[in-house]
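What follows is a set of structures for review.
Look for subunit A in each of the two complexes below; its partner is subunit B in the first and subunit C in the second.
And now, the complex of A and B:
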């Protein structure tokens, strides 16, 4: 059962930041509430105040701007799976969003909430890493852009300061002959392993010009794996494919897989390798 | 959850042994541990363990009981605590042993940690990882403190 709390209704990001600064750990930002309220009902966390950000204007838009897709932090998963801009420019993200949890969660759960809660078994952060996304964090008097690579710190932990508010996610639209794939493996709605691959090939499609690989769900936080990328980047397509087994082993170690009821560490590491090969092929087929 | 850790400390065994029984200095090496009190010297102690995983915070008022003690060599203890706020219980069994290796002392410990109740909803893997981190930090803090003193 939910314990009593006070609901704050700020109208601007500045007000949200001020409230966070004033009330510290006794307050928490509340958007979709799909994860936060569950944890509160379970009694795992208690807050005296929830800061409802749903009335803050301008945080639920998706816009295309000069090669970048700007996603307001309050955009719901449903908004993103149905957005024509996302479907056209970031099809892999639209596909991912179609498969986040279930329809009830997608209707109210927000991308910003998902990223800030940093639950380890979450899909979006992994793909955003491979896409080279940046997070915009604002506080009363400042604004900063944070690379997705440093945003996730640990399980349930991001690099946001106590009074910072995630307002926007900026995703560069893949250029040239490119392909992006996200594959996951899990039990019911809970992903145990997620792998994202973003590739760009040269004009005649014979070599890999750029590659980004990210893994997550298996360990505490999503991670980009530059060492695995190096085995494919700047190489011929055939050589890159040959290197995928080695890249899979490196990505598996980077995932810091944790044994649990849904699989042992070794099993999850194996799955990382399998998904990496499949995601690579999938991304390549789109180029 | 079972953990086995070992740390080599550049200090004689007697110094390490005495350090373990110096409650205030020893407790300072346990991450998240505060308000340590001696209830019965050499047998019964109390402390509060506070740990955080992201927004999840637990506070276990803990009783530590020394079960066996072999002078300069081995200590067997158990601890348990309850966080009533989030309805969770922590049980810890600890087997500490000291072995001389030249100028060094090898401090080894086997810890069995059980977390019961709602906190388990966070997932066994996450809790295990946190416990592992705490034990690593503890081992390194003991080493640093003792070697720093020498």
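And now, the complex of A and C:
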């Protein structure tokens, strides 16, 4: 059962920001509602007001802009899994989106909502970290660009200010001989471990020029793991592969895995290492 | 006056006009009313079932503008101006849809609780992809759970309906 709440239906980002400023913690932005409404039905959270942002124009488009893919925060998972731009330029993201939850959740749930709700067992944030994405946050009189690396603070917590609205996700298109992979492991629809690897190799494919590694789902928030990246970046492909076990151990610690119904901490740490090796191989094979 | 009554007196209503199984419906809903409750309790169409209540099982699947949604977790006002199809609206003037025929012919159900959701999800799949591979079918349908675990017959039914629908179009 949902408790009674009032609905606000602003038409612009400025109005959304004003409403958030006026009503503070008694109001919450509502987009797809696939996660928020569940928490409200369970009585885990309660709001006097929901601010429906779906009438705000211009937040549900995907556009390619000079080497960057700009994704409106209201784009649904279904839109992203079927977008020709995403499939062509960010194939790893399209594949991830094809496997978010189920067909009904993908139809309604939005990427922006997923990121702002910051549920730990979510796929997109992990890959966006490895892709070097930035989030655009707007409020009444200002706009800022936030690196995915600082966006996620803790479980269910982002760095957004109370009256800030996530409007866009900007993802740089991988350049050169590059490959990107996201792999997850979990029971049914709930990922327990997610690992993303983005690589770029040099012209003759013998060394790793750039590497980004991110982990999530196992712990409170997705994290990039620079120490693991250092073991592969600037190294020959064979040396980098040899270092993957060590990189996996570092990534497993960075994941801050917790023990729960879906596995013990040790088990999830082991899986991080396994997925890291596989994701690395997968990304390398695309280069 | 109790707090609950005060809050009820304060209720916000939203005019809701939408197409339900091809017919215009006009009513007023409160923001917190769920589509499943409106369809089942207010409009009396009980084909869609409340089961897991957390968007996982698919028993409450309805099609909104032809696409599957979990009615258990969709606010009713969201279907303003849209077209909703429930299992009750699938047959055409008493003539069963090929999916319904196939589920009967191939025994695509046991207890039947998941069947309305299964058939509507399968309709969305076949409207989008008339000739799915078995893998594509399983991927699309994996969010519809049959607690009797009678999946083999369900898959056979949908594949048979797909064939029937392709042939009738040809």
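FYI, the second predicted complex is superposed on the first by the 287 of 287 C-alpha atoms of A that agree within 3 Å, B and C clash if a C-alpha of one lies under 4 Å from a C-alpha of the other, contacts with A are read in each partner's own complex, and residues count from 1 in each chain.
In this text, a residue touches a chain if its C-beta (ideal position, glycine included) is under 8 Å from a C-beta of that chain, and two chains touch if they have at least 3 such contacts.
The structure presented is a predicted model; accordingly, all values stated were derived computationally and were not measured.
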{"item": "Fit or clash between subunit C and subunit B when superposed on subunit A", "value": "fit"}
{"item": "Cα-centre angle that subunit B and subunit C span when viewed from subunit A, reported as a multiple of 10 degrees", "value": "100"}
{"item": "Subunit B versus subunit C as contact partner of A:155, first or second or both or neither", "value": "first"}
{"item": "Partner chain(s) touched by A:142 [first = subunit B, second = subunit C, both, neither]", "value": "neither"}
{"item": "Touched partner set for A:261, first subunit B, second subunit C, both or neither", "value": "first"}
{"item": "Which superposed partner A:4 touches (first subunit B, second subunit C, both, neither)", "value": "second"}
{"item": "Which of subunit B and subunit C A:33 touches, first, second, both or neither", "value": "second"}
{"item": "Most subunit A residues touched (candidates subunit B, subunit C)", "value": "C"}
{"item": "Subunit B versus subunit C as contact partner of A:105, first or second or both or neither", "value": "second"}
{"item": "Minimum Cα separation, subunit C to subunit B, after superposition on A (Å)", "value": "12"}
{"item": "On subunit A, the residue positions that both subunit B and subunit C contact, one per complex", "value": "none"}
{"item": "Residue ranges of subunit A touching subunit C (in the complex, touch as defined)", "value": "2-7, 33-34, 37-38, 41, 50, 78, 98, 101-105, 107-108, 188-189"}
{"item": "Contact footprint of subunit B on subunit A as seen in their complex", "value": "28, 39, 42-46, 118, 120, 154-157, 220, 258-261"}
{"item": "Contacting residues of subunit C [partner subunit A, same complex]", "value": "7-8, 11-12, 14, 30-34, 53-56, 58, 61, 67-70, 73-75, 77, 121, 124, 139-140, 142-144"}
{"item": "List of subunit B residues in touch with subunit A within their complex", "value": "53-57, 85-87, 118-119, 121-126, 128-129"}
